[in-house]
Each structure stands twice: as C-alpha cells, then as structure tokens.
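Two complexes are shown next, each including subunit A; its partner changes from subunit B in the first to subunit C in the second.
This part shows the complex of A and B:
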C-alpha cells in the first residue's frame, strides 16, 4: 500500500511563502514590462541564412515598435512553465510504472491538471496577441499547431482517465499515455528552431534582448514556475485529504 | 520438479512471434472481416471526397490537396481496423488466453503490430488505384511514383505500431473506438504531417520541388524510431494492467 514517504507534502510555510514570492515576482514583472522595458521592434526571421522581416497583415514589421509585444513577458513564461510541469508530470508517470505506488499516479494527475491550466492560459494569451497583431484568431503555424496538439493530448489524457473504470488499470493507462503524449513537448519546443517562423522567433538567436527586457522575462518565468508549483501543492493536499476521507468513510461503514 | 521446469527449453521468440502472427492471419483469412470492412470504409470515404471536390471550380487542381485526402482516408480506416483487431481478442477472451501462455509481452506487441501492419498495408495498396481513378482522375503524378513507397511504408509502420499500443488500451475502456480516435489522432499528428508533406512533394511538388521530401522522411523515421521503441517497452504495462 501507500508508504508514508511518498504521501508527504511540502510544509505550509514553504508553500505560502512561495505563493507570496510568485505574487511579488509577477507584479514586478508586470511593472517592469509595462513601465521600464523599451518597446521592441518586430521580429526578424532567418530564411536560408538571410534575415527577413516578419510580416503582419502584409506589412514588414522589423523596423516598427510594437506595444503588443508586452504580452511576451507573460505569454512566454506561462508557455515554458507548461512545458516544465508536463515534464514533471511525465516523470511521476514513469515513477508510477516503476514503483506501482498510487501516490505517484495522483501526483502525475495533479501535474497534468496544472499543465492543462497553463496550456489554456498560453492559448488565451497567445490568441490575444495573434488577434491584435495579425487580425486573425487562428493561424496554422508550426508552433501554434504543435502546441494545439499538446492541448488536445492533455485533454485526451483526462478523457482516457474518465473512460477506464478499474482504478489500477486507469492509473497504468494514464501513465503510459502521459509518457507517449509527452513526446510532443520537445517537438513543440524545437519546432521553431527547425522551421523558421516570423511568429515565434528564437529570441536568443536573433540577436538576444537587452538586460532590461531579459530581467522582467526571467522574473516572470521564475514567478510562473513558483506559482504553478504552489497550485500543484495545494491541489495535492486537497487530493490527499479527500482520499483520507474516503478511507475513513469505508472504515466507519465497515 | 523445479529442475524440470528450468531445464525445459525456452520457446524461441521467433516461434512465439510467428505463432501469434499466424493465428491473426488465419483468423482474418477465414472471415476477411478486417480487410472487407476497412476496404469498404475507404471506398466510402473516397465517395464522400467526391462531394467536396464536385463543388470546386474548374481551375481547382485536386493534386494540391490529394496527399492530405489520401492520408485522411488511411488514418480513419486504420482506426477502424485497429479497433477491430483488438475487440475480438478482448471479447472472446483470446488476450487472456495468450497472457496465460508463456509468451514474452514485447513479442506479443511485435506480432500484433506486424499483423496490423500487414492488414492496413493491404487495404492501403488496394485503395491506391481507386484513389488514382476516383480522386486524381487520371491527372499525372509529377514525381517518380516509386518515391511514394517510403512515406507509405514509414507512415503505416507508425500507424500500426502506435495504434496497436493505443488500441490495446482503448479496448478496455467504456468508449472504445471514440477513445481510440481521441488518443490516436493527436499522437499521430507529427507523423501524419511528415507523411503528407512527403507524399505531396511527389504528387504535386510546390515551388520548392522535392525540397521538403527528405526532411519530412527524416522526421517520419525519427518519429517511428522513438514511438516504436516507446510502444515496445510500454506494452507490457498495458497488457498486464
């Protein structure tokens, strides 16, 4: 059965101080992004080794300063966070298959729930950006396509869970599917490095960004990762408490 | 007693593999159930494609989208076949009987996947002339036709391999075929994209000509390699759950 070691949750003081830290970090990210960081000219794309301006509504944007670029400081940290937490959930799926402890399945499931939240946030913030800059709600572009597939995979993870009745079988199937589905994470991550796209420039390759732009981005990234970890911990407590109530109920009845 | 068990020669993996594969082929040859149902389904798909194409203007060149249409037909037809191939195993208790016998789980996966590969491959080969007749309607294929073989081969290997893993899961769920479709289509997406890109480069090369062909084939090969390795090693967990 469940051993006490793996049921352990992080202490309250750590979870709540990280919650506070992520709030402060994201607030500073917000202030810096909007009031300090300079406007960024539109992206350049590398096609056959030559820098080419990305197009928005047929207009070259590499020499225009775009205010809408501010969403970069939120959209990208959330997206990276979703990749990280999916990977985290995948590791717990592997641990479940190796050790057969139900707790790892719970952890993987909660991780996938947080992934779903972050994926939805990424799609929404990305869509706002898309709509504003290109006047289209959706564009079939490599990163968007692979990320949308990621969203579908996370949704089907929960559809699969809902369709299996036996608890142990459900956990095993979900773990296997979680591992197979994770393959899309590296694909989605490297796709902009393989297929040049004006929509998702590789920031570090196209000349990098200034320190005052990098700072809010990194603060946002750390803040977002802390926040998703706090979400995960809080959900995990709820889940463990619920499971204990179930055990107590059956003990009382039996 | 213990000595007797350990001294007994182990049945070789090849014999285990060929026994299961032979069973699948014999069962199929008795009823032709998978091939007829998949064949009819793909024929119906082509008829429905006609509805869409019939509304297009005269200048519309169907070759530009025909690779996508072809793989769409393949993917949905193989969903049907994959589901069939495991529903019988489950409903008649064959899978349980196989698991009771001393057969290595990875061998079971290989045999089922190869069986599915053969059946899906046969249906694909049968449907290609029909596709040429009904959809391309005699319009010539621009590139050399034999270049269609690698994308077909790599695509079908991936479909059969990953499909066998997912179908073994979905057959134990409440919504069976729906669950299989929900899992299968997004997982197969990268492979499908590569297969369509390569097929399209042969049927109707764009401005870049055969440029996208080799990268797409490389993506398909890497995808197949990773996914088959994953499916091969994860099958044991699925089938024993």
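This part shows the complex of A and C:
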C-alpha cells in the first residue's frame, strides 16, 4: 500500500535553497574557524619546571595552542547531523510498522544510508583529532565506544536487509532493527556527561567557549544539517524516480 | 585575520596551508558528490517524463 502523501518529496526550490544555504554556511564556518576564531589554549608550558610564556604579536601566550581543535568546527556538526538523520530513519521505521506503506521503508533505508555516510565522516575526522591530541588512533573510552557500536549497528542494518529475500519481511525486520539500533543515539550523545572519561571534551560542562568560537560552530552545525537533509532528499528522489522508471517500463512492455 | 593566528601560521605552523587545502578538498568533494547526484536525479526524472508521455501517446492512439 502506498499513499500519495508518503511519496511526497521536497520541492526543487527548497532543495536548491538549502543546498545554497549549506554551501554559504559551511564556507563562512571554514573562514571563521581558521582565520578568526583564536586557537584553543591547551596545557601550561613549562621549561625546567618553571612556567614560561612567549610573546606572539604582542600577546603573551603561556599555554599550548591546539591547532587540532579546529576540527571541532566540522567534526561535531557532522556527528550531530548523523544523530538527526538516524532519528528521521527511526521515525520512518515506526511509521512503516504502523501503516505498512513501502514508501516509509524506502525513506528509512535512505535515511540509514545518509547516516552511514555521516557516521563514516565523523569517525574519520574524530580519528584524526584523536591521533593528534591523544597520541593514539583509537581509545576505548565511552563516547568512542558507543559511537563505534552505532557504526556497527548501521552496517548491520544493511547486512540484515541483504540477508532477507522476502520484501515484506525484509522491511519489517529492518524497521524493528532500526528502532532498536536508534537507542544507541541518545546513549552515545549523553555518555560523556554520564560517564566522564576525562579525555573526551564536553565543551559546555568545561566552561563553554568564546562567542567567536561558538559562532562558526553554530553556522557549521546549521550548514551540515541542511547539507544532510539535501543529501537525503536527493537520494530519496533518485530512488522514487528509479522505481517509477521500472513501473513505467513494465507498463510500456505489457 | 586574527593577528596572533597570522603570526602562528607564518612562523610556528608552516604546514597550515596544507591542512586548509585538505579541508577545502573535502568540502569541494562533498559538494561535487551532491552535484553529481543532482545530475543523476534530473536525468532519471527526464526519463520518467519521457516514458509517461510515450505511454499517454500510445493509449491515445489505441
């Protein structure tokens, strides 16, 4: 069963507007992050047991300046984007189970595809940061572990889909699995607040950030959410158009 | 540009341009992928229109 409302996709003007907005926001985020936002101060620098400071352009600097923190302006928005799109996929999985409309299954599957892309980008950007700041490619601390489980769950969703032949059963199993897997999203989001690991930063708990650092972060966040939504909409339109081509071809041949 | 940052990029962190270039490459890559997808969708939607008009023409004839 498929109703017209469930096959509705966002109009062209909205997709293009959001694509343009995401391009502008991510560009401004990039410029502000690298050329305006100050470097995040790290640990105090000591020499022979004594704290030292250096004069850089007239400003006394006595802490390490963490260039690697610049990845924060991209890594965190991508991670939040992955949580949001996964939530959409979960909502469509629930709708599929309630209404048994195949289109909701397609929407959930596309949502999971976009989530996988964002999860991979989050893991790559996070791993670069980890290697630089913690000196290791991977640390089994709470946030990384729960996010890695999220990655495995998203991959398993597609493995499950590939393993079941019958379309109806495939969609049902995938919907149930998608809903159960989503439980890891809030866990991964709040885990650093519930189980402080000492290594994964919680920006708001540890005193927050300056406005000039918050601004590029927020712009990047909105830009990445718009970009994720455009990615989802385009994949959805592609899928609907592909299915429609198959139906029309069969009709033409029949 | 922030003067402290400018000084640091110039003196301490000479590899900064490469990092910036890598970020730009990733962003350009993402938008290139979306553009490629947009072209693919447009092509498919044109195909749908063509098939639909062919079916309509055929049913009008018969």
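Assume the second predicted complex is superposed on the first by the 229 of 254 C-alpha atoms of A that agree within 3 Å, B and C clash if a C-alpha of one lies under 4 Å from a C-alpha of the other, contacts with A are read in each partner's own complex, and residues count from 1 in each chain.
Everything below uses one rule, namely that a residue touches a chain if its C-beta (ideal position, glycine included) is under 8 Å from a C-beta of that chain, and two chains touch if they have at least 3 such contacts.
All of these numbers come straight from a predicted model, not from anything done at the bench.
Residue contacts after overlaying the shared chain place A:253 against neither subunit B nor subunit C. Partner contacting the larger number of subunit A residues, of subunit B and subunit C: C.
Residue contacts after overlaying the shared chain place A:149 against subunit B, while subunit C stays out of touching range. When the shared chain is aligned, subunit C comes close enough to touch A:237, but subunit B does not.
Once the two complexes are overlaid on the shared chain, A:180 sits against subunit B while remaining clear of subunit C. Touch criterion met: A:164 reaches subunit B, while subunit C stays clear of it.
Once the two complexes are laid over each other on the shared chain, residue contacts for A:67 go to subunit C alone; subunit B is not touched. Residue overlap on subunit A between the subunit B contacts of one complex and the subunit C contacts of the other is empty.
The part of subunit A that touches subunit C in the complex is made up of residues 19, 23, 26-27, 30, 34-39, 56-59, 61, 65, 67, 70, 74, 227, 230-231, 234-235, 237-238, 241-242, 244-245, 248-249, 251-252.
For subunit B in complex with subunit A, the residues that touch the partner chain are 162, 165-166, 169-170, 172-175, 179, 182-183, 185-187, 189-190, 226-227, 230-231, 234, 237-238, 241.
Residue ranges on subunit C touching subunit A, taken from their complex, read 1-8, 13, 16, 19-20, 23-24, 27, 30-31, 34, 37-38, 40-41, 44-45, 47-48, 51-52, 54-55, 58. Interface residues of subunit A, counted against subunit B in their complex, comprise 97, 146, 149, 152-153, 156, 159-160, 163-165, 168-169, 172-173, 175-177, 179-181, 183-184, 187.
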